[in-house]
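In the two complexes below, chain A is the common chain; its partner is chain B in one and chain C in the other.
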Partner chain A sequence: MSSVEVRNLVKKYGDFTAVRDASFRAETGSLISILGPSGCGKTTTLRAIAGFETATSGDILLDDKPVNDIPPWRRNIGIVFQSYALFPFMTVADNVGYGLKMRKMDRDQIARKTDDALNRVGLPDSHLKYPRQLSGGQRQRVALARALVIEPAVMLLDEPLSALDAKLRDEMRFELKRIQRQSGVTTLLVTHDQEEAFTLSDQIVVMNNAVVKQVGSPREIWDNPNCAFVADFIGIENILPAERTTNGVRIAGHDFAALSDAAPGSDIMAAFRSSDLELAGDEAGQFAGQVVGEAYTGNYNVYQVQTGLSEAPIILKTGKSQRLSGTINLKLAPDRIKILERD
Partner chain B sequence: MLSATQRNWALSLPAFVIVGLLAVVPAVMMLASAFTSPDIEGFTLANFEKLWNSKLAFQAFWRTIRVAIIVTLITIVLGYPLAIGFLRAGPRMQSILLPMLVFPLMVSVVVRAYGWIVVLSPSGIFNQVLLGLGIVASPVDLLYSETAVILGESQLLLPYMVLSLMASLQKAESNLEEASMSLGANPVTTFFRIVIPISVPGLLTGTLLVFALALTAFATPLLLGGGRAPLLTTLIYSFAFTTFDWSAAAAVGLVLVILALAFVWLQRWVGQKVMKSYE
Partner chain C sequence: MSSSRAENALLVAGKTLSVAMMVAGFLFLLGPIVIVVISSFTSASYLTFPPPEFSLRWYYEVFSLSWFSRSIVTSFVIAIIATAISAVLGILVARALARGTFRAKAIVEFVVLTPLLLPIVVLGFGLFNLLVTLALEGHNFVNLIGGHIMITVPFVVRSVWSAMAGTDITLEEASLGLGATPFETFRNVVLPMARPGIISGGILAFTMSFNDVSLSIFLTGPRASTLPVEMMAHIEYSADPTPAAISTIMLAITLIIFAVTSRTVGLKIFA
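The block that comes next holds the complex of A and B.
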């Protein structure tokens, strides 16, 4: 097990830059996610760590030692591909034992370690089956066992849950975390699913357009996204252009108190969650709006409210028993307004 | 009204009649004539006895098998790098390479054999180069030999092997090789342990195609092997059109058919053994 660090990684294909100056670090034994939409450079970063892509510039460090010149087959990295990439003509046991065979271990040792790895992933008696005879979830367990059994310095997971159906996905999420914690292997996961990243990770690296936008714990990113992209990506519904004032923000001429250390007068984005808007009742709110759309989502009612803050309606969420219509007064607590850099 | 089954039979009847007349009847007649002789009443094994005692026929028999095996091996050895190189090439390169790969199939076999004659003849390009470089003192006699037949057929049949291998390699996930390397196998080990096994279905198809076509090739052995290196096919030709011994020709034909069927059976047997873990 090792720490992993990506330092100023740049990857170019001709004129196209897939990764631009990416830096982050995963401590030994931790689970870090690279989160971003497709084409953001997250998979390229993962492949560079595995050694399948050579960095145009920058370094990949395992345990603080650069590994740029070490080929993939000597890096000791376990990978679980999105498609699992199990060898179709080998049995489950042969798949798992492949890496041990490459390490020239003797038969008994391979058999013992294979048994152990398959037990760990909860597949104790599928040794002689072929991958095609397994379900999606079982294939993934085999892929995990195959990556773990070599006791890799780092385990890389490429969209590990995306090929599974919703129910199995929830189950495997817990399994993945349990297996990672038990083996204690440093793990880097690439995903476009923010829920997956938030529930599994110690640290999240948010990427967009080849650039690392933010690095932080799930809580830090949830509470303090640093730019409009991250805010939008983690599902903050209302993101509006604003201007910084001495003690708050001004959105389309309306002044709001807010907590921030940005310089007054600078152009920023102000963001707030649909669930952080409060109804002001009959007492004067900070702004008024007209309900123009509503939707029921089971636990919540979601409303589109036309206000003076923006041309498009803002989104408001209420409890399921609270129904709104007509003109309503709204207010926003100062600590609920997030100040973001403009992208 | 006819039932559905009856209608289906009625509709396919003309096809059956044509196939029957054009394929089955001549085949049966050939089979029958292999067991007859103008000198003897009724059926006889005299034709086969004659073949059995003929040195020429024996040589042709073994040469046919030898040529087919060597040609198959050559196309396998050359086919892998070509198939892999093709699949690794970018889309633009592939659009240039594909016609180059398939184009030879559109050129007449005879034309290609003449191409080899130009290359291999005593005054041909190959000998010119050897003489020019001082490697040989007098032209090497390559034309009308087994070597010439093997060269010609290998070039002729290579596309079949490449296309078969490509079909199975293409189906394999590209990540399999990376998975193998991440588990500690270098590219050479990965090739032998992952790429080759993955391509086995294509290899079996390609081997069947190339071997069967090499076994039954006629124009190439006739033009490049001539009378000096007869194969079973050219032997049939010379029996039928030089000595007009149609019964002997039929007997050789039957031997060739049995040889081809035996190979198909062998290929299927190997296939079933190996393919168990693939389906």
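The block that comes next holds the complex of A and C.
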């Protein structure tokens, strides 16, 4: 078990930069996610850690020792590929035992450890099946067992749940967390599913366009996204251009009190969740709006409200019993306004 | 409702047509072979179809011919050696073509696959002239093996290459990640994944080598000669049914090899 650190990693393919100056660190035994949209460089980063890609510049450190020159087969990293990459011509037991065989372990020991690993992932009696005879979820478990059984220093998971249907995905998410906790292996998970990242991780690395935008705990990122991209990616609906004032922000001429230490006058973005807007009486409202669109979901109602703050309507969410129409008055508590860098 | 009925009718018509074409194909392909096989069991001293009476007379005759037993052994040995060598070469070249990213790839592809397009007679004639120039034409056995490798390698490359190109490269990465060296990965993952291609390429190479006349005719000589070449020579001056019996024997050998290979290794391909 060891810590993983990526230090100023750059990966170029010809003129194209797939990862630009990425840095983050996962402590021993923790679970860290790389979260970002398709094509942002998540897999490339993971492959650089595994040793399948050589870094154009920057370092990969395992337990604070650079491993750039160590080939993949000597890094002792367990990898679960998105496609699982189980060997189709080997049985489940042979798949799981493969890494041990490569370590020249004797057969009894391989059999014992294979049994143990398959029990741990909840597949106690599929030893003699071939991968094609398994369901998606079972294959995923075999891939996990195969990566865990070698007792890797680090485990890398590339979108391990994306090939599963929604229900199984939720189940496997808890399984994954349980197995990671029990084995205590430092784990790096690549995903574009923010819910997955938030429920599983100790730390999240948010990437966009080859760049690491923010690194933090789920709580930190949820409460304090540092830029418009992260705010948008974690589902904050209203992100508006604004200006910093001495004690708050000014959005399209409207002043709001806010908590921030950014320098006054600088161009920023102000963001607030649809559920953080409050309805106000006539005199207490900070701004007025006109309901122009509505949608009813099971648990709440979503409204589009045209206000003076922006050209596009802002989004407002209410409990399902609260129905709105016509002109309404709104206010925003100072601690609900998030101040973001412009991208 | 009616449109789905029309679709069904179309489907049935399509199936009938393709079955009919398959049957026609088999008839054209197998017809002459069936005739040869049946006529080889004749009791007459000339070829007729249908034979007046059945007997094994010509088979006894064949097995008493000294050139037959000599050349069938030679053919076997040459085919086995040529297949083994072209399998090894073919696998290495196919691997380079499937995974390599080198500049000369197009050239390698061209050189390796050209013999597929060249008339084999032309190749044989060229090779013969070259050997004469180098005064090496006397080494019949080695020349036959070398020549056969030239014409069989392209087939092995083609079929192994397509098997390799279709396999997921992450399997190799999975193996490397689990601690296998590149060599172990090649042996444990790349070869098993390419196995269907290797087997079919090997079978093709063996039958090509075993049955070849066009190339071998330039390379045989007093020191070594193959069965098909000897048979051609025999046909030239005699019209008895021995060639029919030999053809039947060669056919049987080819079929047996095919059946044995697919039984022992082939059926496990997709397991």
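Here is the rule we go by: the second predicted complex is superposed on the first by the 340 of 343 C-alpha atoms of A that agree within 3 Å, B and C clash if a C-alpha of one lies under 4 Å from a C-alpha of the other, contacts with A are read in each partner's own complex, and residues count from 1 in each chain.
Here, a residue touches a chain if its C-beta (ideal position, glycine included) is under 8 Å from a C-beta of that chain, and two chains touch if they have at least 3 such contacts.
Not measured: the values here are computed from a predicted model.
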item: Joint occupancy of chain A by chain B and chain C, clash or fit; value: clash
item: Contacts of A:A85 with chain B and chain C, given as first, second, both or neither; value: both
item: Touching partner for A:I150 - first (chain B), second (chain C), both, neither; value: both
item: Touched partner set for A:S126, first chain B, second chain C, both or neither; value: neither
item: Shared contact residues on chain A - chain B and chain C; value: 50, 52, 71-79, 81, 83, 85-89, 98-99, 102-103, 130, 146, 150
item: Contact footprint of chain A on chain C as seen in their complex; value: 168, 170-171, 173-182, 184, 188-189, 192-193, 195, 271
item: List of chain A residues in touch with chain B within their complex; value: 50, 52, 71-79, 81, 83, 85-91, 98-99, 102-103, 130, 132, 146-147, 150
item: Interface residues, chain A side, partner chain C - complex; value: 50, 52, 71-79, 81, 83, 85-89, 98-99, 102-103, 130, 146, 150
item: Touching residues on chain B, where the partner in the complex is chain A; value: 172-173, 175-176, 178-187, 189, 193-194, 197-198, 200, 277-279
